[in-house]
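In what comes next, subunit A is part of two complexes: it sits with subunit B in the first one and with subunit C in the second one.
Right, the complex of A and B next:
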């Protein structure tokens, strides 16, 4: 049987299993929750591996783009309302028999003031989550473009330092602008489906984990498909050539500026999308998601999965997220209490260092490589080389 | 702020014309086939200082861009900035009270000395290994923790200076072990892409050390009493201490400037260490060998210096300097396992500002960052918001330097 077909079959089986999983796990909301968060991290880790592993842009600011997406969605949800009558006080745009109302950023809540002008029975809605998420993705893309242009000249260490700085400035701003973002208390967001969903004759209320599971899974599969397609197209070839040698790539006609900026824009948009959906799912977003710890986790996931493999990074992220959750239980050895909530992170730090040092390709990627036999060409070359050397030795 | 608009207009002027200068000037110099290496920096400074009135002559005449084109506009920018601030907020403590200003400045310099010492370690590592250690802050944290455990927990009554020594030994040993196990592989070709490997593996080390410490000692803040109790001294006399008044807690000079005594002790330790380090680097064989390796690896190897040993030594020394600055500051701040994160961010700012790999640059950069932080913490109205923005000031400097002059103040040309 053809190996590629077999592999596609395996991929399809895994996909079906992921789609069918909620039916089996419906009574375990905790596992559903971990799965959703795992998909979220998988999107981040694989997009970071596209940025760092494929394009060689070691950015520590990936979580900042995620947070920009999440906060954009949150601020949109906080300040934009749909009403059935004009308020006369706020800035508002008529849309048929509805009005899109922009609640003031600062000062008085004009919606409260406007209630006097509105007839009795006027309805005030929040907008659904989707426009906010799309706005978040666009915002992530804009910031990705900005950062991508600013870091064009910076390489390696300088890029890492710059992106840490960027991420820190974003975190501090979200922390300090309490009027808009609620600061460290966190910005609350409406659930993905505030009124629940009717799907295939079933009704799921807004707290049910099944709709967000499918939303996150779809986002995961779509972003994986987009990134996979990018990585096997000319785009992927170009960004890898930039990673290996910028001057040589430029000399061969690769438009360095365009592709470097583009890879920042694409990965930032994917991260922002993940952030916006996750923020709506969790229901609250705080500046703490921008702590170094979170970025370290994403990096560990990508490195342990395989820095130069999108699928490897994604699988690594899913496995690590589940492992981190199941390693939460603390235990005691004699008089010593082992607080696993901290020790599990110690182990992951150690695992990260050891993986980097001894398994450059990560732990998951070699397995994938073995399954797909993508190393076949190298093996053949090595065998021929050995045969030639053997022949030479035989002659000598 | 009473007239906030003055200040924000000045800020808008500086940022707007600075950006115009930074973007347009290199193009004009490039079109005339002149040297563009300093054009964006000089253009930004000139634009921010003089706006169109300075930029148009600059673009028309295109003089050779010496350091004057950066230094003079920078002074003008500082004057515009300070002047508009004073006009915007005439009742601010920074405008009305010269004693407060002097105290803030001196305290900024005092704390800047220690920042400089820590950044010196990072720049030493960079100049010899070509690696920025993203775990630098964690060694700073370990240094402080070691002093706390040595003098307060394990051997109560131990002299604090012995604790500092112990911290130095501990951080040196960890640094050396890490270098041998993980960074040595970069030179032997065992890892692909050594530059990226170094970034990630030191990042991983920081993560590991921070959570290991958290797991071992817990999250409760640790506090170490001040190292020395100064005797009470008054000059010229006890009832008239116009020159100097030393009490156990503070040192007051000229009835104007007061420095908390733990900070003064820490700065004193830092200065002594600095002198020792300079003596070591410039007057001993090993120090000279280190500097030789930083200048030219191959040439140094030819003269009989083992560059690998020097790598190990430099990394150990660098982490030891971070540990020592942590050890001397543990009496000033309360100590938690994540105290190293802002400290390492600050060191990044300092070495980029001073120029990567430049020893004097690191020290002067430390003083500048100390001053900026003191001014930022003391002068900005709305203290709560000001306090939350403190980490951002440094990062703003870092971003500007990386964009306008990536070689920093004293860096070698890239």
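Right, the complex of A and C next:
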């Protein structure tokens, strides 16, 4: 079996294991929870790896795009309703026998006022999570486009500083707009499946971890598939050439502006999707998710996994998320109590520093590279030799 | 028929006039050397031709299309390819990927495997086919220069500007680069070659442009240019008469006519 087939086989086996995992872990909701959060971070770390590792756009604004997706979904859920009769006072769009009602952000709640105009028995629904998530993804893309255009001429340190500034603006805005976002107390969101869901012939209530596990897993696998496809296409080739040398890439015909903006848009949309789903799963989103510590966590996951590898970054994120949870157990050395809830972050920081110093390609990526590239040179020489011998035989 | 028209190009950087009224034409597959002392404006001119910087005034037309207002990627697609003074191979990409970048940039609907055969041909021509899957960073400096030349073959421009192609290159690789230039030129591509290697540039080029302090002081047959007083003064200063033919030979290479 050749190497490529072997690797695809391994990937398929891991995929099947992840799909089957809930059957084994159903009685361990805590593990399921960590797995869901791990997938969330895996999406963020791998999409950041596409942005920073592949395209060389070292952005600190990735969590801001995630939060924009989450808050958009949250605000959509809070302010949009479907009714069977018009309110007469809210902005509303007729949709067949229903009305899509947009509740006002400020002043008296128009929906409450409108109830006086609505006939008895009028039904008022919350919309399902999906339209809010889609809107969140679109909003993430719009902001990604905006930031992508603004940072076109910025490189390295300046890009990092700009995106930190952008992230802080987003955080402070969500913090300050208490009327809309509920400020530091956080914006509450409905569960992904408020009425539960039927899956594989079973009913799962809204608190069950299995449906959100599959939603996040699917989002993870789909986003990985999309990013992988992008990475091996001309898009991936061009963004890597931009990372290597913008001027040289442009001199070879690469449309620098298009691909730099595009990579921001794509990765922002993926981060926004992860944020929107995660916020619905957790049930609340607070501006604290935008603290620089959170962004550092994502960067660390990508760096430790392997900055230039989508799979490496994703595996790095999953391992670190599990490790951070399992390292919470404190222990004693003689009279000293080591409080691991705090010290685990120190050990983690140390691992990050060591990785940056000694293994700049991360800890996972070199293993992947070894599997995918070992013997490539020998194969190439053999291939060329075979071609030459074939040509000679043909002549003979 | 390749036509490059460089018309009255001026470029100021603040108070410094890097180029002053530079005008020349290229017609057909010419092989032109561009020389001048350090700071003469050679690289500035190259950067203007390839769209990296805008001229303060003047125009550049390639095959009838104005290119001095275009960004570099459009200049490349219009038919002008270049290398840089300091080698700019994509170091964390494989040799094959390096070659695929211009090929795909020039053909928006094509896929990588459409160019595999061409890439292998190019690498074989450059004697680098065994390095196809190696990363750019694994190549020697000379091999990275060859890789840059290979990328230009994949870009397939009408006019190729090489900035110091022979600098710091092993004699064996120099031969390959020399052969590259003459072969590709014979296939109908025009070349402008910037070099401080006078011996090679005088032997290789059939026309020589000389820049000094941003001005084009000579344009013509290399052996005529070699004896141009303005060129000799640019390279040797006013001591030329005292220096005699030996110094001229040192700075501007041997006279081919004398050799003959």
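Assume the second predicted complex is superposed on the first by the 374 of 396 C-alpha atoms of A that agree within 3 Å, B and C clash if a C-alpha of one lies under 4 Å from a C-alpha of the other, contacts with A are read in each partner's own complex, and residues count from 1 in each chain.
Note that a residue touches a chain if its C-beta (ideal position, glycine included) is under 8 Å from a C-beta of that chain, and two chains touch if they have at least 3 such contacts.
Because the structure is a prediction, the values reported are computed rather than measured.
Shared-chain residue A:299: touches subunit B; no touch with subunit C.
For subunit A, the partner with contacts to more residues, out of subunit B and subunit C, is B. By the touch criterion defined above, A:124 lies against neither subunit B nor subunit C after alignment on the C-alpha atoms of chain A. In the superposition on chain A, A:245 makes contact with subunit C only, while subunit B stays out of contact range. Contacts of A:346 after superposition: subunit B is touched, whereas subunit C is not reached. In the superposed pair of complexes, A:7 makes contact with neither subunit B nor subunit C. Contact with neither subunit B nor subunit C is seen for A:82 once the two complexes are overlaid on the shared chain. In the superposed model, A:100 lies in contact with neither subunit B nor subunit C. Contact with neither subunit B nor subunit C is seen for A:25 once the two complexes are overlaid on the shared chain. Of the two partner chains placed by the overlay, neither subunit B nor subunit C lies in contact with A:134. Within the complex formed with subunit A, the residues of subunit C that make contact are 50-52, 71-73, 75-77, 81-82, 84, 88, 90-93, 97, 100-102, 104-106, 111-112, 129-130, 132-134, 136, 151, 155. Listed in rising order, the residues of subunit A touching subunit C in the complex are 234, 237-238, 240-241, 243-245, 247-257, 308, 373, 376-377, 379-381, 384.
Interface of subunit B with subunit A (complex): residues 131-132, 134, 181-182, 185, 191-193, 195-197, 199-201, 203-205, 207-209, 211-212, 214-215, 341, 345, 348-349, 352, 356, 385, 388-389, 391-392, 395-396, 398-399, 402-403, 406. Residues 52, 56, 58, 60, 150, 153-154, 156-158, 160-162, 164-166, 168-169, 172-173, 175-176, 183, 292-293, 296, 299-300, 303, 339, 342-343, 345-346, 348-350, 352-353, 356-357, 360 of subunit A are the ones that touch subunit B when the two sit in their complex.
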